[in-house]
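After this come two complexes, each holding chain A, first together with chain B and then together with chain C.
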Partner chain A sequence: MLKIEIDGKMVETRKGSMVIEAAQQAGIYIPHFCYHKKLSIAANCRMCLVEVEKAPKPLPACATPATDGMKVHTHSEMAVKAQKGVMEFLLINHPLDCPICDQGGECQLQDLAVGYGGGESRYQEGKRVVMHKDIGALVSTEEMTRCIHCTRCVRFGQEIAGVMELGMAFRGENAEIMSFVNSTVDSELSGNMIDLCPVGALTSKPFRYTARSWELSRRKSVSPHDGLGSNLAVHTKDNKVARVVPIENEALNECWLSDKDRFSYEGLNAPERLAKPMLKQDGKWLEVEWQAALEYVANGLRQIKNSAGAEHVGALATPHSTLEELALLQKLMRGMGSNNVDFRLRQSDFSADGKRYGVPNLGMSVADLNTRDRFLLVGSFLRKDHPLLAQRIRAAVKNGAQASIVHSASDELLMPVAHTAIVAPGELVNELAQVLKALATIKQTALSAEAQSATVSVVVAPGAQAIAQSLSSGERVAVLLGNFAQQHPQATQLALLAANIASLSNASFGYLGEAANSVGGYVAGAVPKDGGLNAAQMLAQPRKAYLLLNVEAELDTHDAQQAMAAMQGADMVVAMSAYKHHATQYADVLLPIAPFSETSGTFINTEGRVQSFKGAVRPLGEARPAWKVLRVLGNLLDVPGFEYETSEAVRDEMLTGYSSARLNNALNGVALQPISVATHNGLQRVSDVPIYSSDALVRRAASLQKTRDAQTPVVSMHSSELAKLGVQSGDTVKVTQGNASVRLHVSANDRQPVGTARVAAGHAATAALGAMFGTINVERA
Partner chain B sequence: MEKIKFYFKTFLLVELLKGLALTGRYLFARKITVQFPEEKTPQGYRFRGLHAQRRYANGEERCIGCKLCEAVCPALAIKIEVAEREDGTRRTTQYDIDLTKCIFCGFCEESCPVDAIVETRIFEYHGEKKGDLYYTKPMLLAVGDKHEAQIARDRADDAKYR
Partner chain C sequence: MLSAHIQDQINRELIKYPADQRQSAVMAALRFVQDEKGWISNDDMTDIAAFLGMPHMAVYEVATFYHMYNLKPMGRHTLTVCTNLSCTLCGALDTVSYIENKLGIGIGEVTADGKFGLREGECMGACIDAPLLTINNKKLCGRMTPQKIDAMLAELDKS
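And now, the complex of A and B:
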């Protein structure tokens, strides 16, 4: 520790820290633009000049390391003069028309110009003008003239997002921030540049000119999308969500937010929002009162229960529903006598059900990811499924960690990957077994008898050997299963192998939670027990009635074809949704429920952190929080124990006895199956859920849907497969699965394993197709 | 002595005559009563009456929708909505002043960076219904268009004191 004196205050600071950090510790503010605690030091704005005793000139506080006994003056005559001079230079080219700038009112330059600048400009000459460029649907560069060249956006791209999409071109007065020729900024973290920009040069395109910062009310909330549970500040105006910005939480999202979390709010104000309960009568949809709709639902359910039995009712919910909603849904079903309730709609392998020691989770804290030195990522579209977890792993890799990938698609992760094994989905288990076998050999540890016999015919390939080598050399290893591995038809086998690899390499083993409440769903008990049917069974063995919570049957399920058939064949489908969606084709009742911004609720993130939030705005029209709807349904059906007054009461009941001890990834009584080389006829489907198709909210966020990531999916195949079909990249092909086919463009991707065709799920263009895994037929159109 | 003075004052009605003298003075002096509406009191160029929105000489509206007037208004009488116009400029889609709320403090005019919202010399306006005094953007622009010459003159007169 060093001792330095800033403005007469003694500060103790760690060795190697800069003067600006020491000042921050002492609560002394030094004006700055280019300095940001999460980015590298550039020292190019010169705003933080301070006087250091014995130094002949003022020094930049952000780039001057603190030394023992240093005496710094931030408000001395020399410092103030320097700061004022720098401000005058910064304002030479910066337009002084703050009233038309979107940043006005929340602009660092505006604030500091008032605090440290002169009262009037002496500059009479012409100012420079920078033409704006279109860099995509999210970030506006309309006011690039305002740029003060702090290069925060450039450094963010290089250091955090992993890709330098903005750069500074030209020199001197001609220097300007731009993207590469005619290219857009496509990073899934691009919105953070808006927050980072200290002036109005990079602003939010969807938010542009809609409100002033002082008009907005700020409400705390939690992201309803990926498993991270980023902390959000929802800014509202006139009972509408105007924008979303991050709340700093070092343990979760740090100071970042993925574009999905940031811009999905547009979906909250989408025209498809359902504002009144609707009933289908004689094939026509009628708007009805809540009372009529709920009584219709209660009567319908009671009839089916009495005539066919309660087990003919099934409830499906998305893992984006809150803990309270999932809890009341399962309580309602169990109260009616049915055990058919599930929230894991995209999973296909449920053989671990009933054999878990606890709730599957990340197996470590999110912040812990940064400290790992070896990663094994199994079946994960990491960047698109978990943008900010990817960012943490990227940071760890930057610090010397090695990441190895076992997957069926080789997407760019924007970080150096140590070893990859990209195989067809059918060989994923074999590949992982190879890693296990190789690791056992390297570690000279005998495998358990079960693993020994299961892997006896496994031949270790060099790729798996390299991965095992990398894992064995680490001290803090993490083995993580991604969404793809969890949705895989052999997910349990993959989990067992991963757990074995983890125990051999002394690693933490965990699941990257697919959605905001993937852990919460288990805690709420929204999984089948005692002979109830799981999500796949409920659709494979059609039920007479379905209760859908937030579900869009053709987009949120593992097998869209099967799901649609089940829905269309059912006597009654009750769709609780914030949107008027495709359910109008198969449902009998649409109940408008409130999305996350309009209800109180709780999400339990992938590391098991419980985060409750309150509604930011009133529900739209007659929409009501789903927990209230379920509560009334429970009363109407005379289910005991539905006397909740608040969502907190539901939460507290669910969380009594909940602690991190309930989080456990271990399995009990599931055996490893003997692994052999899989033979597969025809093409195997590899399907991801595109980042902006993952849930109902993002699917309706207009700006996100204009990004490159939201383009209509194409069939991506190895060029040798294309040659076999006799088609070229860009041609239209007919993709058939089950009894339906769709026409899609095809693109050659030689990183895709031979024998596979990548066709995204969760998108309207592919919703007619069947299961996310399995055989798929591609032919010339 | 005092008593005698008082005695004579009382009998000679001195106070009464003093008072009547004042009345008489006013009776013959020049009248200051203004016969409104035939006659009007003179107004200063800083008079704060009915609001107006101004335009530039080329017909372009001045207001850029910065919302400073809305923010500064102590009576919360101003309501503004802003959107991007086709040409990419920041413009108001709604600019309403509720004159029944307005206290005519002139802060909106003071805060305006482009002299778009001004208070004119007009004070003789009325509404027959409550809603009539809710002025919308076209109404304010119409006031501005009609009185632009006077408004411009008043701003020019005031400019040297700013």
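And now, the complex of A and C:
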């Protein structure tokens, strides 16, 4: 630690820190534009010039390392003169369009111009003009003329997003920020450039000209999408969500948001929003009062319970539902006498149920990811499924960590990957067993008798050997199972192997939570117990009645075909949804429920952090928070214990006794199956859920749907497979699974393992197909 | 695709730099492309980016920053006239307009037969011989007078 004096205040700061950081510690503000604590130092705006004693000229505080005994003046005559001079330069070419600028009211340049700018410009010449460019549906460069060339957006791309999509081309007064020859900015983190831009040069396209910043009310909330639980500030105007920006939380999203979290709010105001309860009578949908709709549901459920038995009712919810909603849903079901309730709709292997010590979770804190030096990522579309967790792992890799991948698809992770083993889904277990066996040899540790006998016929290939070598050389190892591994038909075997690898390499072992409440669903008890049916069973053994909470049966489930058949064959389907969606084809009642912005609720994120939030706006039309709907249903069905006044009461009941001790990834009494070389006839399906198809809200976010990531999925196969079929990249092929087929374009991807076809799930274009894993047939169209 | 010759040249250049700093060779790589093709297209930049393992935007930044790179075809002989202060004081603007009239093109243009292109340049570091111009960024010509320009153009016209 060293001591420096800033404006007469003594500050202790660590060696190597810059003057601007030391000043921040002391609560002294130094004006700046290009400096950002999360980005590298550029020192190109010169706004932070300060006077340092014994230095002959003003020095930039962001790039001047603090030294012991240094005396800094931030407001001396020399400093202020320098700052005013810089401001005059910055304003020479900056247009005076603050009255129509989206950044107006929250603009660093505007604020600092008030403090340091002149009232009048000495500059009479023409200002430079920069033509706008189209860089995609999310970020607008319409007013690039406003740019002050701080290069924050460029550095963000290089250092945080991992891909340099924007750059500063040309020189001097011709310099401008642009992308390479009109290409679009496709990063899944691109929206952060809007926040970083200290002026109004990069603005939000969806938000453009819809509100001034001072007209907005700000409400804290939590992201309902991925397992991270990013902290949001929901900005509202006239009872409508106008935009979403991050709230800084160093432990979770830092100061970033993924584009999914940031722009999904457009779905809240989508035209498909359901505003009134609806009943289907004689094949026609009628808008009805809540009372009528709820009584219809209660009577229907009671009838089925009395005639066929309560076990013929099943409840399915998405893991994006709140803790309170999931809690009341399972309570309602159990109160009626049915144990059929589940929220793990895309999972296919439930053999670990009842054998878990606790709630599966990340196994470490989110912030801990940055400190790991070895990663083994099993079955994860990391970047698209967990954009900000990927960012943390990218940061760790940048600091010298090694990441190894075992997966069935080789997507660009925008970071150097140490070793990869990309194999067909059927060989994933074998591949992981190879890593385990190799690791045991390297560590000279005997495997448990069970693992020993299970892996006896496993032959270690060089790829697995390299991964094991990498893991064995680490001190702080993390073994993580992604969405793909959790949805895999042998998910439990994968988990057991991963856990064995973790214990051999002294690693933390965890699951990357698929959705906002993947942990919360377990805590809420929304899983079957005592002979109840899980999500897969409920659809495989069709029930007479289904309660759907936020579920779009053909998009949110593991086997869309089977789910649709079950829905169509049911006597009664109650769809609780914020949207009028495909359920109109199979449901009997549509109950309009409030999305996250219109209800209070709680999400428990992937590390087990409980985060409650309140509604930001009133529910649209007659939509009501789902917990209230479920409470009334409970009352109508005379289920005891449904006297909640508030969502907090539900939460407190659910969280009584909840602590991190309940988080445990260990399994008890599940045996490793003997592993042999898998043989598979035909093509195996590899399916991801595209980033902007993962839940009902984001599917209706108009701007996100215009991005490259939201393009209609193509079938991606190894070129040798294409040659076998006699088709070429770009051709249309017929893809068949079960009794349905769809036509899709095909594209050659030699990183895709031979014998597999990648076909996305969760998308309308592939919703007619069957299970996310298994055999799929591709032929010439 | 970069030609085998260019790839050889870049590989030789890469020996000068640490193995994990391949992008250090970007300026040389751009030069090799321009030497061979006369100018650098966006496709060439993409190829260089792939060859050196750097973002194509970063190549574009470098190519647009330095004025000696031609981002469009600039004729077989690109004449670059310095118009910085010293040269201008010594009559560089007259040099420019003499060449413009003689060739019938303006700055940034190429003659119809594709032989000559004219560009404006930055200080060439030989102000003692102002006004200066370069031929294809390789040959520096000083104290340009109409007579010397005529002789130079006639000489170049032959090749």
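Keep this in mind: the second predicted complex is superposed on the first by the 781 of 781 C-alpha atoms of A that agree within 3 Å, B and C clash if a C-alpha of one lies under 4 Å from a C-alpha of the other, contacts with A are read in each partner's own complex, and residues count from 1 in each chain.
Everything that follows uses one rule, which is that a contact is a pair of C-beta atoms (placed from the backbone, for glycine too) under 8 Å apart; a residue touches a chain by one contact, two chains touch by 3 or more.
Being a predicted model, the structure only gives us computed values, none of them experimental.
Undergrad: Given the superposition on chain A, are chain B and chain C in a clash or a fit?
TA: After superposition on chain A, chain B vs chain C: fit, no clash.
Undergrad: Thinking of the overlay built on chain A, is A:Glu215 touched by chain B (first), by chain C (second), by both, or by neither?
TA: first
Undergrad: Is A:Ile100 contacted by the first partner chain B, the second partner chain C, both or neither?
TA: The answer is first: A:Ile100 touches chain B but not chain C.
Undergrad: Regarding the shared-chain residue A:Val181, is it in contact with chain B (first), chain C (second), both, or neither?
TA: Once the two structures are laid over each other on A, A:Val181 reaches chain C alone.
Undergrad: Hey, in the superposed model, what angle do you get at chain A between chain B and chain C, Cα centres, nearest 10 degrees?
TA: With chain A as the vertex, chain B and chain C sit 80 degrees apart.
Undergrad: Thinking of the overlay built on chain A, is A:Gly167 touched by chain B (first), by chain C (second), by both, or by neither?
TA: Second partner only.
Undergrad: Of all C-alpha distances between chain B and chain C after superposition, which is the least, in Å?
TA: 28
Undergrad: Overlap the chain B and chain C contact sets on chain A and report the shared residues.
TA: In chain A, no position sits in both the chain B and chain C interfaces.
Undergrad: Which residues of chain A touch chain B in the complex?
TA: Touching chain B: residues 97-100, 102, 104, 142, 208-210, 212, 214-215 of chain A.
Undergrad: Would you tell me which residues of chain C are touching chain A in their complex?
TA: Spelled out, the residues of chain C in touch with chain A are 42, 45, 55-58, 60-61, 64-67.
Undergrad: Residues of chain A touching chain C in their complex?
TA: For chain A paired with chain C, touching residues are 158, 163-171, 179-181.
Undergrad: For a test of understanding, state which residues of chain B touch chain A in their complex under the given definition.
TA: Its residues touching chain A are 64-68, 71, 82-84, 88-90, 113-114.
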